[in-house]
Amino acid sequence: MARFIKSRKISNGTAPGSLIFIGNKKMEKSKIHLMLYNKDLFSEQWIDGVDEIPETVEENMIMWLNVYGLQDTGLIAAFGEKFSIQPLELEDILNTDQRPKVTEDDNSINIFLKVLEYREETQKVHGDQISLVIGKNLLITFQERQANYFEPIRERIRNNKGRLRNSGSDYLAYSIIDTLVDGYIHTIESLGSSIENMEEEVLTQTKREIIQKIYNLKTNIGFIRKNVWPLKEMMLFLNKTDSKFITKKTLTYLKDLLDLTTQAMEAVEIYYNMTNDYLSIYHANVGNRTNDIMKVLTVFTSIFIPLTFITGIYGTNFDVLPELHFRYGYFIMLGVMALIAAAMLYYFKRKNWL
Amino acid sequence: MARFIKSRKISNGTAPGSLIFIGNKKMEKSKIHLMLYNKDLFSEQWIDGVDEIPETVEENMIMWLNVYGLQDTGLIAAFGEKFSIQPLELEDILNTDQRPKVTEDDNSINIFLKVLEYREETQKVHGDQISLVIGKNLLITFQERQANYFEPIRERIRNNKGRLRNSGSDYLAYSIIDTLVDGYIHTIESLGSSIENMEEEVLTQTKREIIQKIYNLKTNIGFIRKNVWPLKEMMLFLNKTDSKFITKKTLTYLKDLLDLTTQAMEAVEIYYNMTNDYLSIYHANVGNRTNDIMKVLTVFTSIFIPLTFITGIYGTNFDVLPELHFRYGYFIMLGVMALIAAAMLYYFKRKNWL
Amino acid sequence: MARFIKSRKISNGTAPGSLIFIGNKKMEKSKIHLMLYNKDLFSEQWIDGVDEIPETVEENMIMWLNVYGLQDTGLIAAFGEKFSIQPLELEDILNTDQRPKVTEDDNSINIFLKVLEYREETQKVHGDQISLVIGKNLLITFQERQANYFEPIRERIRNNKGRLRNSGSDYLAYSIIDTLVDGYIHTIESLGSSIENMEEEVLTQTKREIIQKIYNLKTNIGFIRKNVWPLKEMMLFLNKTDSKFITKKTLTYLKDLLDLTTQAMEAVEIYYNMTNDYLSIYHANVGNRTNDIMKVLTVFTSIFIPLTFITGIYGTNFDVLPELHFRYGYFIMLGVMALIAAAMLYYFKRKNWL
Amino acid sequence: MARFIKSRKISNGTAPGSLIFIGNKKMEKSKIHLMLYNKDLFSEQWIDGVDEIPETVEENMIMWLNVYGLQDTGLIAAFGEKFSIQPLELEDILNTDQRPKVTEDDNSINIFLKVLEYREETQKVHGDQISLVIGKNLLITFQERQANYFEPIRERIRNNKGRLRNSGSDYLAYSIIDTLVDGYIHTIESLGSSIENMEEEVLTQTKREIIQKIYNLKTNIGFIRKNVWPLKEMMLFLNKTDSKFITKKTLTYLKDLLDLTTQAMEAVEIYYNMTNDYLSIYHANVGNRTNDIMKVLTVFTSIFIPLTFITGIYGTNFDVLPELHFRYGYFIMLGVMALIAAAMLYYFKRKNWL
Amino acid sequence: MARFIKSRKISNGTAPGSLIFIGNKKMEKSKIHLMLYNKDLFSEQWIDGVDEIPETVEENMIMWLNVYGLQDTGLIAAFGEKFSIQPLELEDILNTDQRPKVTEDDNSINIFLKVLEYREETQKVHGDQISLVIGKNLLITFQERQANYFEPIRERIRNNKGRLRNSGSDYLAYSIIDTLVDGYIHTIESLGSSIENMEEEVLTQTKREIIQKIYNLKTNIGFIRKNVWPLKEMMLFLNKTDSKFITKKTLTYLKDLLDLTTQAMEAVEIYYNMTNDYLSIYHANVGNRTNDIMKVLTVFTSIFIPLTFITGIYGTNFDVLPELHFRYGYFIMLGVMALIAAAMLYYFKRKNWL
């Protein structure tokens, strides 16, 4: 299965805007969490369907609906109808391979992005899709599985910490994206550490596993890169939009987020280049190692081959071979061989091969 | 024959706008399929020539003419005359190596693109040209061979599924392009799978076929890339045009298509870089394998060469060679040789060559 | 001599705008061809100097002057004076290493480009400069040698084929550029074929000539690239200019030419990258071949070195060497050696070296 | 620990704008240095807290507050309150891994950048964060440790040298950034010298340490690059801003700084590419060295192996081996061997291997 | 000393705009050459100081002051005062490592660029800084050493050739820059010739000096590149400026210069890439050569090792070794060995190793 693109195969030939869930079913039954709050009040509950959502909400109340699990296309359609979400956007919510993007219409701003997680068991970075629908005093978030990415934010709402209770749904959305981007940076940092820690190994060793490690890190960095680049586009869009759903106060925070995303992107590029450098250093070291092996071979061969040749001469059975009959012939031969060996060693020493 | 560019050789020196079919004849006789529909009515039939096309169509009726086969330049010219298509555009329809592009005039929007198909027998991605002429309540599509790329769309029209029957010819054109882009993504996905599946092989083996496989995948990805880049340009153009033939409602869909194209493009880039990485990993592995081979050679040679030298010494025929007459001379020699071999093995063990 | 840049050495220190011919003299004496035509009339003749050019031309007549040979600076100066061509532009006409460019003033649009030709004898792509001066009902073309690049266009004028006789000098200029760009595409196509045809060779062989062939193709592609890039700039300029010398009708054709240039440029990039891929594949294959050679060496050495060692042992002349006196000693030795050889062969088989 | 990105881990899940010190505590207790000056007057003192800062300052007096040490978040918060610095900016001051950037609001311009230092002991370039808050007649600078980066500027104020005493706080800020950028250029120059000085070594040697040295220089250049790129963005911003805190007079100086930054950036790119070239030259040299080693091995082996073979022949014990009984058999053999050796040497000489 | 950047070390910590000479003192005493001219009159003389410059000049007279030698900061300061040159610009004149740039204020346009010279003795391209101050009817040029770069221009003024005597100081400045750019192109051409002439050598040889030559050419091309890129920026600026010191007539010439600079830049890129190609071809050739050496080794070893093994067998001293006693044993052995050698040779022939 291709990791970097997923065909909308099932939907191929079906009408655009048809609601078909594209992805792996990651939980049994969808769940909905409802939160209502303003400066003074706060309530939360688990609900089962769209019909349990209160029809009217007090003017200054923020409603946050968090949908866990996307396989129930009927539920998503019901959401679409109730909150006037466009069919194409519903389709995007269900297509979990959606490229991070932001769309905007009269009713809402819709943001699609990924939460990134490094999983030890596969040694790969995985991404789950998070979709945000920002409306007036309303935020709906859709996620593929029941994971508590946003629990700290709920805690802040419950305990009335920070600006959340005093701000609108745009600030809530910002907080969520901020949490996700922090997660990106955390993932990049941990991959980056792995990469930097390999330095010693890469500079000194030529084990074959190193290349697999480098490649694995490189692919993961590539996966993050694929998700961070469109994130920057998205941030630029949100910083420039004049949508009524984003207040001027929140813009300052979005600018900060843009800076953060840029920083993440630059770090990703640096680490990506680093893996390339590693490949090329590894390669040079392999060549160097070949030289080392060759030197050992050459030194051994070059010393012993002439010596063996000499023994060969005196091993011949010629009738007339005067040296054989010298009294100290054998010892002279040993001496000569010692001299040759010493000369060779000196030669290799001078060549810096020893 | 060059695969990435095709000279308009025959037309070299002829007047621009002359109708000459450039390509391989892919069917015997051109065929025309005519479809007429609106919200309530629907009819379709095969016709033989331009004269069978109804002169007038009811106001709110959409007419879709699908021409199969381009070798009949007379037919194309008749189309040109009947629907006031510009000579240059007719020329582009017939030049099947046309770069994907879009042109616009008072009478129509003209879109030229490719349908991509991976063919097992050649192991190559091939592209057939599809040309679209969008007029008022009119869509003409030209294709090189009789292939049912758009059958699912016709089914949707026949069964009145989706928005097609309630929308204009621009939405019909969008549906067709959407189908083609889905096909691109499908092709990229399947090439991408092949590339990702090679990973294990590339990381561990050095067979010569691997490099041919990598190169084949790379060329195919390059072929897709050549067609996807101008597609993005085209989408940007269609999203910005203020042509009367594109309604505001369809614009939303075109924006979605732009996002899809961007995603396709990014995936293509990722896979393209991956094949480059493969080349460089393969290369490093070949170097590593050289080291492995060298180690075997060096270990064997370095152990046996000194031993053989010793046997050489005692194979000489000197009159005076005391050791030969020692009682246990032979066994002492064997022992010394065993010691030397052990020392060498220990040395190579410590060097991690064994 | 540098092929990619030519110093205006002679003119170094002389005043800008001085008329000095920079290039290789490619014909003995300059020649001028004069063509006059409109919808109804047509005449052509060879003339010798500027004074033979008719003083006044009927209102709706187009005059095309084609100058062959640039070494006669006096002639060029006379042209400059007669048609009010600016000194800097005259200088550019004479500097045959001029970068393709377009300039515009009140009197004319001036276009400088190259005709590209692949010459078998040098195996190099060569470029001759073509300069166009477009005025009202006037086109002057300057070329370095007497080559009939534009004969097909003249034929079309003579035979009144296509739009030429009914259009202005801008359309004539367009036709000429179109012919040149067709030539570019033809050259790219033929180089491209050579490159694609090398694929098999590059993937399977390591002959040293391959690298020379790759490099030659690469340099030629690089030479074309150098000329195609500024061509695109030129096309963009001509598409955006509001000069009175370019009619709206011709603009459509220029847009088509822009598309063609873009296509040429993209093909050039693809082939350029392909030569880079070839270099890197060649390189990997060389490494692979080293492995193959090493394997043969290692297999031979590793099998025979231990065997030779054994013969060495029984070649020693120790007084006491019991095995020598065994009845079947010799045959046992042969058997042991056969066993060792078989074991080694099995070992290399398992290592996949055989 | 990743060197190129630092997760705001502690703050993960906490509200944005919370004041948390991210970095390594580099001094025990924060210190504040206060400077007051105008054209005529000048005073300076060390103070302990925000309450010691004079409430009102005379109209034309410039106040420069330099805070050393950031671990005391209470102090930073007090500064924030007293001078109305935005919470997000306070957060940025405390986050010492902040990407160099500039923010602007009604109360101040806030600049975050790094001072770069090459430390011998780690052989790495390190960066300490410097934050500047520019207000009306006010400059606050925050730095992580007690280092006298700005002492020369203070000296100029004390001695009334240059324009400082006659200019506003924007010029003071400019002087500080100018000092930092000078430091960058100094660091780049010293790394650049190291890189250029390696040239000889890289071109002629293949010691394994060279690759480590190259990589170390490359990483350091990469670290500087990471800080210089955003600096250029910052300079462009400051050159275009219409903030009331930057006077037109200072703009000229900022433009000069922009040029300087561009120069630094270009030098960084050149040195970065140089390290890449070094890697590739090193690599080629390693291959060359393999050739040299191989030549020695091949020459030795190819000369002695045939000779040894000949001695082998005459070492056999055949009953009938006529040559053995020739009178000068031994000497003829020696002569033949000398001839063979000479022929081999000549062959290798001609091959240029000796 | 770093060649690509020079720290303003001495000025580090001093006030911006302080006049400090940064560079190597290239002549003993500064000299000033004064030229006055208009259409009709002309005079020139050497002067010693600013006080000898005529206070008033006739309305339509152009004054050109050429200062040779920059070490006398007092002189430069005097110039600054007399002609109201801004301190920062004076600083730039004295900082001879200034990046090529142009600044503009109410009094003047200031241009800083380099004259490039290839020096045989160092085999390096060196750059001396030229600064131009263009005022009303005034041009001041500063250069580091007494070199007659502009003598041809003076000749043209003296002899009233070309447009100089009839044009303003902007045209004079243009002429000077044109001369410098011609010099660039000349330098690029000569380096380019060296690069192109290496082709044969690079394609066929693997001498170690080749890599040093390639690297030297590459560094020189890199040095030119560093100076040409900002030159293009400068040209773009001068083409767009609406400064009163540049007349419309001169603009045409500046556009021509822009084209020339672009051409220079493109040639530099081509040659830069060519050196990269050379490195990679060299590298592939080294690998190929390894193969050649290995083949010789393998052929020799593989033929003689089995033969020597056979002699070893018949050199053993077994009591029972029947073959030794065959009448033609020795000759049969020789025959068998010849057969083996022939078989091996055939095998290597078929493998194309011979």
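We just call them A, B, C, D and E in the order they show up, numbering each chain from 1.
Definition applied: a residue touches a chain if its C-beta (ideal position, glycine included) is under 8 Å from a C-beta of that chain, and two chains touch if they have at least 3 such contacts.
It should be emphasised that the depicted structure is a prediction, and the values quoted were computed from it without experimental measurement.
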Exercise for review: Work out which chains are contact partners of both chain A and chain C.
Suggested key: B
Review point. Cα superposition of chain C onto chain E: how big is the rotation, rounded to the nearest 5°?
Key: 70
Check your understanding: Can we say the copies chain B and chain C touch using the same residue numbers, with more than half in common, or are the two sides different?
Key -> different
Check your understanding: CA centre of chain A versus CA centre of chain B: separation in Å?
Key -> 26
Check your understanding: So what's the Cα centroid distance for chain C and chain D, whole Å?
Key -> 42
Point to revise | Residues within chain A bordering two or more other chains | key: 280, 283, 287, 290, 294, 297, 301, 305, 308, 312, 315-317, 321
Check your understanding: What graph shape do the protein chains here make by touch: line, ring, star, complete or other?
Key -> ring
Point to revise | Chain order, ring traversed from chain B with chain C following | key: B, C, E, D, A
**Study point:** Of all residues in chain E, those that touch chain C in their complex
**Key:** 151-153, 155-156, 161-164, 174-175, 178-179, 182-183, 185-186, 188-190, 192-193, 196, 199, 203-204, 252-253, 255-256, 259, 262-264, 266-267, 270-271, 273-274, 277, 280-281, 283-285, 287-288, 290-291, 294-295, 297-298, 301-302, 305-306, 308-309, 312-313, 315-322, 353
Revision key, fill the gap. Touching chain B in the complex, chain A uses residues 1-9, 11-18, 86, 88, 92, 99, 101, 103, 206, 208, 211-212, 215, 218, 222, 226, 229-230, 279-280, 282-283, 286-287, 289-290, 293-294, 296-297, 300-301, 304-305, 307-308, 310-312, 314-317, 321, 323-325, 327-330, 333-334
